[in-house]
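Structure in structure tokens, see below.
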Amino acid sequence: MHEDAVSATNLPPAIDMRGVRRIYKAKPNPVTALAGIDLHVEPGESFGLLGPNGAGKTTLIKILTTLLLPSEGTARVFGYDVEHQTQNVRRIMNVVSGGETSGYGLLQVREQLWMFSQFYGLPARDGWRRVDELIEAVGLTEQQHQKVSSLSTGQRQKMNFARGLLNDPWIFFLDEPTLGLDVSAARSVRELVKQWKAAVPGRTVLLTSHYMAEVDELCERLAIVDRGRILAIGSPAELKHRVQAESIFRLELDRLEGGPRALAGLPGVVSAVTPTDDAGAAADRQTVRVNLTLADDSALGSVVIALGALGSHIVALQKSEPSLEDVFVELVGRGFDAEEAAAHATGLPPQPSVPPPPAEDREPAEVA
Amino acid sequence: MAPAPDSVPGTTPVPATAPARAPSAAHSAFVYRPTADPMTAATWTQRRVLVTNLRALYGRAYPRLIGLRREPSWLFFEVLLPFLTTSAFVFVYRALQAPPEYIGFVVLGGAMTAFWLNVMWMMAAQLYWEKDQGNLDLYFTTPISLMSVLFGMAVGGLLSSCLRASIVLVVGSALYGVSFAIQDWFLLLAVFFLTLTALYGLGMVLASLFLLFGREAWHLSQAMQEPVYFVSGLNFPVGQLGMLGALAISLIPLAVGLDAMRQLAFSGSDAHTGTPSPGVEALMLVAMTVVFIGFARFMLKRLERMAREQGKLSVRGG
Amino acid sequence: MAALLHLDGSAARPSRSRVESVRDARRSFSTAVRLGWATEANWADPVLFVIYQVAKPIASVLMLVVMLEIVTQGAGDAAYRAFVVTGSALWALVMGGMSGLAWSVLDDRERYRMLKYLTISPDPLVLLLLGRGAARMGTAAAGALVTLAFGVLLLGVDFDLFAIDWPLLIPSMLLGLVAIIALGVILAGTVMMTRQDAWSYPEAVAGALFLVCGAVFPIAVLPMAVQAASLVLPLTWWLEGVRRGLFPDSVSSIGGEGSIWMSLTRTSVPDRTTLLVLLFLSTAVVTVISIAVYRWSEHRARERGLLDQTTGS
């Protein structure tokens, strides 16, 4: 039986990369896809790699999944060197990529998955049983006898996901797993990742994506990658904290005796102001809006108490959080879209020229 | 089979064919033979490695076998029509009023063509197509040897090849009045099997080369058909080619195997000149098998490493 | 309806005139030819490409010539050698024509995943396939010429440029090309409905036709019933016409002792007019059949959703 409490201290790091560089020989000039990566992921983590297209995320995953050799440096997966202990690595990992169209069109879903089960050495009957379980788990029961070539994109990706779980890997590499999927299918895939990881403690996930919300949702820690370098590593909250140390709330009250100034002096309150875009509408509205900047979330309690004492009722409360794109822009000086548009136009990496937007112009995010 | 968790004494038990589901079927799907740590999962015995590779061999043959069943047009295009092609060369000899054993040479050559084509198309050029379809990088992420995959491809195509060879041999012999004079059945069968092993060894060597050459693979396979037929003496004793024939016998399993089989199947014919005896040729096939398979193993490892260094394993870029 | 622009900036209307349709079709065809050439020729350096184009047909002809020399012990009949060399060289053209279209379908469906886009483009798919296949036919024709030259220069085939029967050669060649293309269209339609391993089908079909068309031996050697089937095929008449056009004293592939032609007509060989008429008629029949088969195949492929599927195994 599996020991539920896997101690992370007993295990080597799930991923340990030191000074990894990868240079492709291309014409007219060599392309440096990874420019010196140091990455350490503990067992049991859900780790994300966030960055625009061409940042080096897929190259990094290919190195870890033994498809590519680093030009310099070392990379280990649970202590096994990806270059010299390839088979060991392959026995404990699996990889699913977005937009994957592998497989044999003539085979049915069930047959395709069983074929792959044989590549991991599952006994024949075990393979069929496992395939049936996974098909049910990913929600492909109705399509199990359909030919692979007739699957929709979302169904195919679910099948790919089932393939990735056949050997019950210790580390699961997901390279843009929801690429090209609609909202519902993408959500299904994310739920599957969460369920799989929760089933056994100690399982590790490395996810690459350029969908910030996906990384935010799935990853405990992430690295922001651009042009082959890691710009920052941390939890989503830590990274956002770099951009915006304070907590910003937008309050809507039925009334506020004394206006925002009444809140400005409370402990933990950095500032309390009327929103600049609210001036014109205030006369028509029955409520009062206040943008509240606090030193941290804990100060909110005292504000609520004070509002109660002033006889105000809270109609709406929203927390304004920077997004991971804000973090990226802060670090790099340009957004993902500008990055990709420039790359498309010139074929060369664009130079940073656009300063990050001021904090007060950022869209507030819904409080979770 | 354990009883259902909610079964009540005195009620009808759940039949064995309808196994009870654990409370969380999804949980069961997400857990399979867990190990205490990844190091235990990563360390396999030699026996497990061998068994996995054998299972992978069958796994890779599986889609081919399914394809044969689902798309039966191959019976017409890959068996019947090639028989007609062989028949064309039979009639060339008839038009030339050749001695009767030459008809037998053509029939035997036509039968062995099936295996050469299996090697070229089902093995040698296949890895490039696998790369094209996005399957190659998935193979390289699995803990199996590429040789298992290649063997599986060949085995999967072997059914159609054997059927084609049998039809050409049996029907051709009956229809065109071929008389065999076999004195050593054991050696003949041994030579046949050794020819196949050497051919498949060569196929693996070519597969490793094609892996790096990319899209030339298909054209190289095409280009190697008629020239190989010619130098292998597909329709005539290869000894008639003199030095060229000698060179072919030393390099191409098809040439040496076919020559040996002809000498054994039509013993007493004076058409064979200047080639080694079947016994010697059988030993040559053994040597070819060992050399080709050994070389293929070396080449596949080397070329996998080169492909990983150059990033040529997958189509999707990084 | 909104005006649509061609890539060259000219406006095209969905309800275009017949002249404009022909112009558009010609442009699409020429684009497809250029594309076919680019995909056909750019896989290797020029030297390797040339070797590839000549290796196959020369190896084929050498195989047949060696067979001839072995049996005759070096005293091979020069006329029969010319027969074999010509037939083998021309057969390269048959292979190129038949495989050109079929492999274009397979290439575009399985490898480049472009078939669906070609299908939804305004011009008929078959036109684009013909363009793609034209490059392969062109290179096959070059290979055929090289093989003929090889035969003349190195294999002792007697050839007199001034003895060519042009009134027979030119129409035979043109009608034969139409027949080859028609057969290619039939195959292209067939592979639209089959799986990826259909790469071998053009060769298999060409190989079967090799038996009955008098490519490398006179059909008089075949049983009477098979000879009757041979005479229905345009390729049989084409080979005879081109062979006699190039080598007026050539051995006939259709007539001669023991042939069904002789037993039916009491003449040794068909005369020029009869040959051309029968070539024309058989080509016309095959062309009509090819149009029908292709239309049905494309319709069926659309019905079954096969145009954008990959079917590897």
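As written, the chains take the letters A, B and C, and residue 1 is the first residue of each chain.
Keep this in mind: a contact is a pair of C-beta atoms (placed from the backbone, for glycine too) under 8 Å apart; a residue touches a chain by one contact, two chains touch by 3 or more.
Nothing here was measured: the structure is a model prediction, and the numbers come from that model.
Asker: Measuring from CA centroids, which chain ends up nearest the centre of the complete protein set?
Answerer: Taking the mean of C-alpha atoms per chain, the most central one is B.
Asker: Pick the pair with more C-beta contacts: B-C or A-C?
Answerer: B-C
Asker: So the centre of each chain is just the mean of its C-alpha atoms; given that, what is the distance between chain A and chain B in Å?
Answerer: 45
Asker: Taking each chain's centre as the mean of its CA atoms, how far is chain B from chain C in angstrom?
Answerer: Distance between chain centres, rounded to whole Å: 31 Å.
Asker: Hey, how far is the Cα centre of chain A from the one of chain C, in Å?
Answerer: 56
Asker: Indicate the residues of chain A shared as contacts by at least two other chains.
Answerer: 101, 104, 106-107
Asker: Hunt down the residues of chain C that sit against at least two other chains at once, touch-wise.
Answerer: Residues 195, 310-313 of chain C each touch two or more of the other chains.
Asker: Please output the residue numbers of chain B that touch at least 2 other chains, ranges allowed.
Answerer: 63, 66-67, 71, 133, 135 - these are the residues of chain B that touch more than one other chain.
Asker: Hey, which residues of chain C end up touching chain B in the complex?
Answerer: Spelled out, the residues of chain C in touch with chain B are 43-44, 48, 51-52, 55-57, 59-60, 62-64, 66-68, 70-72, 80, 110-111, 194-201, 204-205, 207-208, 210-212, 215-218, 221-222, 310-313.
Asker: Can you check the complex and tell me which residues of chain A touch chain B?
Answerer: So the residues of chain A touching chain B come out as 1-3, 6, 10-11, 22, 24-25, 33, 43, 56, 58-59, 62, 65-69, 78-80, 87-95, 97, 99-104, 106-107, 111, 114-124, 130, 133-134, 136-137, 165-168, 170-171, 195-196, 199-200.
Asker: Please give the residue numbers of chain B that touch chain C in the complex, ascending.
Answerer: Listed in rising order, the residues of chain B that touch chain C are 63-64, 66-67, 71, 73-74, 77-78, 80-82, 84-85, 87-89, 91-99, 102, 117, 121, 129, 132-133, 135, 156, 215-216, 219, 222-223, 225-227, 229-230, 234-237, 240-241.
Asker: Which residues of chain C touch chain A in the complex?
Answerer: Chain C reaches chain A through residues 195, 305, 309-313.
Asker: Using the touch rule from the top, collect the residues of chain A that touch chain C in their complex.
Answerer: Of all residues in chain A, those touching chain C are 101, 104-107, 149-150.
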